[in-house]
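Here's a structure for you.
As written, the chains take the letters A, B, C and D, and residue 1 is the first residue of each chain.
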Amino acid sequence: MNACIRAVVRIGLNRGCEIIGIHGGYQGILDRKFEKMDSRTVSKILHRGGTCLTTGRSKEFKTEEGTKKAARILTVDKIDGLIAIGGDGTMRGLAALQKYWDGKVLGAPGTIDNDLYGTDFSIGFDTAVNNAISAVDKIRDTGEAFSRVFIIEVMGRLSGSIALHVGISSGASAVVIPETPTDLDRIAGKIIKGRNLGKTSAFVIVAEGDEEGDATTLGKKLTKLVGENCRVSVLGYIQRGGNPSHFDRILASRLGAFAIDCLLAGSTGAMVGEINRKLVLTPFEETWKNVKEIEPWMLELMEDLSS
Amino acid sequence: MNACIRAVVRIGLNRGCEIIGIHGGYQGILDRKFEKMDSRTVSKILHRGGTCLTTGRSKEFKTEEGTKKAARILTVDKIDGLIAIGGDGTMRGLAALQKYWDGKVLGAPGTIDNDLYGTDFSIGFDTAVNNAISAVDKIRDTGEAFSRVFIIEVMGRLSGSIALHVGISSGASAVVIPETPTDLDRIAGKIIKGRNLGKTSAFVIVAEGDEEGDATTLGKKLTKLVGENCRVSVLGYIQRGGNPSHFDRILASRLGAFAIDCLLAGSTGAMVGEINRKLVLTPFEETWKNVKEIEPWMLELMEDLSS
Amino acid sequence: MNACIRAVVRIGLNRGCEIIGIHGGYQGILDRKFEKMDSRTVSKILHRGGTCLTTGRSKEFKTEEGTKKAARILTVDKIDGLIAIGGDGTMRGLAALQKYWDGKVLGAPGTIDNDLYGTDFSIGFDTAVNNAISAVDKIRDTGEAFSRVFIIEVMGRLSGSIALHVGISSGASAVVIPETPTDLDRIAGKIIKGRNLGKTSAFVIVAEGDEEGDATTLGKKLTKLVGENCRVSVLGYIQRGGNPSHFDRILASRLGAFAIDCLLAGSTGAMVGEINRKLVLTPFEETWKNVKEIEPWMLELMEDLSS
Amino acid sequence: MNACIRAVVRIGLNRGCEIIGIHGGYQGILDRKFEKMDSRTVSKILHRGGTCLTTGRSKEFKTEEGTKKAARILTVDKIDGLIAIGGDGTMRGLAALQKYWDGKVLGAPGTIDNDLYGTDFSIGFDTAVNNAISAVDKIRDTGEAFSRVFIIEVMGRLSGSIALHVGISSGASAVVIPETPTDLDRIAGKIIKGRNLGKTSAFVIVAEGDEEGDATTLGKKLTKLVGENCRVSVLGYIQRGGNPSHFDRILASRLGAFAIDCLLAGSTGAMVGEINRKLVLTPFEETWKNVKEIEPWMLELMEDLSS
């Protein structure tokens, strides 16, 4: 996200704007945690994970009263436009704010799960998948040394996007995701077949939001079906953070630059995104009304490679 | 490249093919360094850099006599199709072979420089850029501690693609690439301006094939213009190798799967590629007759962010 | 462990020995999974995690009958000496074997937990701690962005060695280890004090074998005491594996070289180790009768840095 | 170095001291670039490479006049003691300062080359070697794919410590260091022998200060002797920087803690260090009068493993 903030600040300043950073997310508006940003403020953050502006959840902002208060503060402080980076909740927050505030509002997709409609990739997703496969590569070393079956849980409450990317990238026997029905007998069959062919270890990648349960639950079921103790590993928070990949730094910079230019051109009420490498704006409402679908070629490729 | 080989092998076997790996590139055909591949041959290579089939240059194959000999060997050994992964030279080799051999030939783009027309990204490029920015991030630590100017040379004999990706990703003051005229006075001006604003260090990213010379030459010129000793670092071979990123593993798997399916469907004489996330075939000749251009938005973004 | 195997093989060959690798640990003796090793067998393994010889647990070997059978096989196959790498269980296995077999037996310490008496560091420990702090560094990015408290569980059933090294290295507020009494009120006090001083996030590192329970249990208790939802992350298997550090490669090479030289000099019944950078042999029995103690300066340093 | 600064600050504050950070090395004293440090100043630096206090060289300080001026400033500003982290030059600077200033002065070893007498390891060395072997591991991927010989230059103007550690860790055919005579014919013989045995690639690790010349010079000589184009790679600045290893963070913290405690106990005129895991003080003069020797077991181990 730092790369996106940096692009908004630097390019905004180039265009003659004054840029104010808000610390702590929407609550930061209510608490007036404003910081005037200049070129130096963002000079050493491009290669850092996390965000130089902290973030957080705000119960107060979610109430109508809170939203109105935030709108009043922005008006009083003579803010002309607001760019917020985040997921579903961030876009809903901007849409709510728009009702009571006449400044321009634009969103940028920053959710690790990559579940936002309106962009091929969210900022942070590429880094998260690289973090995850680097962890899976390590677990694979153990798996091969000990001839074990591993059930590895990755992020994705509503979306199997991380799981599917990790599954193809790490040579998993199967991925278990909310978008497709989960057939544990079939997965167990694949693991047993691989074992019979002399495969020394096997992996199943599980999205945390699968309808059959989390990795621990699936691990117990598969242990019975496979007849062998399946180990469970929940990657959790290590998927976030770390130095971002070039893909994320460039995507974030590009979306940040686009956001500030759209704002100055008068756009409002939409999320910036990149689809098929082209920049697009998607109205807030569409980002949550539409479901982002898994690309069919990915499911086929996963199936083809693990058969 | 391992991920691409793995996809060709696994999916080829699924489709009922017999798959023969060739060790040592085109010379390996002449030396009949063939290995029958099965599912296990490619079971532990997905996360490794390099290639499980070694590669190399062949002077003999480049002669008409050598090409004819390779064609004879492939015919005698009843090979029906050949998929080769590589750059410009690989595609030219396939095109030459096609004149004397009636098997199907397809290429897959595997060149770190990302200079092949017919695909947005070559296999290995994403990993190389991540390797490069990770090195630049380290150099930046030294740069900031010692308040220094660094001239960093990355790969790219004909193309500034790596340099531009690294430049945007690492917050460089400028990138110096063969596709655009190099204005050293302007670059020196930027570095001096940054220094005057209190910036503690600066980077210039140079593609090895720039018309103004390599990093050492540029370093000397900039040292004079800036009035401060500019340090030079040539990243070189560390840009290759290392565990591949998920992007490369998926791209390679997808292109490998596409190549084997195209081959079985009768396609020949073309390179597989991905453009705007769609799979495409590009006839060999077009891959070297056309010049792959730098996307204008990247140049603009670089300019905007470093001003 | 690969580096240790490589040293034993290479140096053993240099000294004129014939070297046989055993796959699958002690069970591999019973199953006669022997492989003749030469210099090339170990030529590409130095930088890989895991082991080129697989490992595993053997119930059969643990019975007196199994041990005797293994001894018979080693005698029949004219093995003169056995070097095994592992932890407590490996050393006990060697000691048992010695009763029924007159070959020389030596052990090398290869346990991530670093809980073996007779060496300052076990092979694999340094890499495991680096893997762990790299994961904690990532979690810290999230912690700082979201202002959160994290309870992070690392390996160490009987030993707080990993936890203490990670705690000092990552700037934890506290470490919770089996060797010292755990005072949750005190830890909560430190976190609250830090929060009051404006610290945006806090970490507690927990060894899996602490007497107060695992990270989940401790997380619940601390959540109550701190009055803020403490997040739990269990690093688990990602601590193993990955490319080994130079420290581990050198330690493993040095211990492997020492083991083969001791064996040829007639030593038996002991574990090789390094104490204060000097090579030592410790009789098997002492490795499990004595408890490896945490160095007092580490506890003091941890305390001093987190106050 | 950040970990060392952090330890000095935190523990100094715990002991009731007031701590002033000096930016820009000795020049920073002359320019009075002082910053009062508190616990928060050093709260997010432990895992970062580089130094939160910048560094640099000072011509003025090296003159007698400059040293006297620095002494005056420290006296006027009522500084009681000075702890400086660095190499040979830093220790000489402290010794010079001591002549004109009656505050306590202590040094901590912070030089990547690990050439300081008085400590087994300097702060930063462990991380630098890990950075180097990670680069060599990448180059090895290329080496094996292309069957090439690589000459890789690492840091070490006066010392082969990095080269020897990297050589053993990466399975090099030979290391070329200033401490031992360089026999190129013998090295070429080893490479040729390995090639004849089917080894696909080979590495020679060269310390930048070897008496036979730098890697480029050696590469040319070896190319002739081996009869094959030897590629040269100079690792350079990428060996510095990056997130420090746990070893360096703990060593730096321990030495920092020891330095502040020694200072408060009245010690002066010495460098803190760790020898055989014990803390020691070495008078400044001895640190440069004595030559730090390469441990003989390392040379033997390198020889044994590469024969």
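In this text, contacts are C-beta pairs under 8 Å (C-beta built on N, C-alpha and C of every residue); 3 or more make two chains touch, one makes a residue touch a chain.
This one's a predicted model, so the numbers in the text were calculated from it and none came from an experiment.
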Contact-graph separation of chain A and chain C, given in steps at minimum: 1
Farthest chain relative to chain A (centres taken as mean CA coordinates): D
For chain A paired with chain D, centre-to-centre distance based on mean C-alpha positions, whole Å: 40
Separation of mean Cα positions, chain D and chain C [Å, integer]: 28
CA centroid of chain B to CA centroid of chain D, Å: 35
Numbers and ranges of chain D residues touching at least 2 other chains: 134, 137, 140, 144
Pairs of chains in contact (touch as defined earlier), listed by label: A-B, A-C, B-D, C-D
Chain A contact footprint on chain C (complex, rising order): 48-51, 54-56, 131, 134-135, 137-142, 144-147, 150, 200, 231, 233-238, 240-242
Chain C contact footprint on chain D (complex, rising order): 6-7, 10-11, 14, 39-40, 43-44, 46-47, 120, 126, 129-130, 132-134, 137, 140, 144, 165-166, 168-171, 197-199, 243, 245-247, 249-250, 253-254, 257, 276-278, 297-298, 301, 304-305, 307
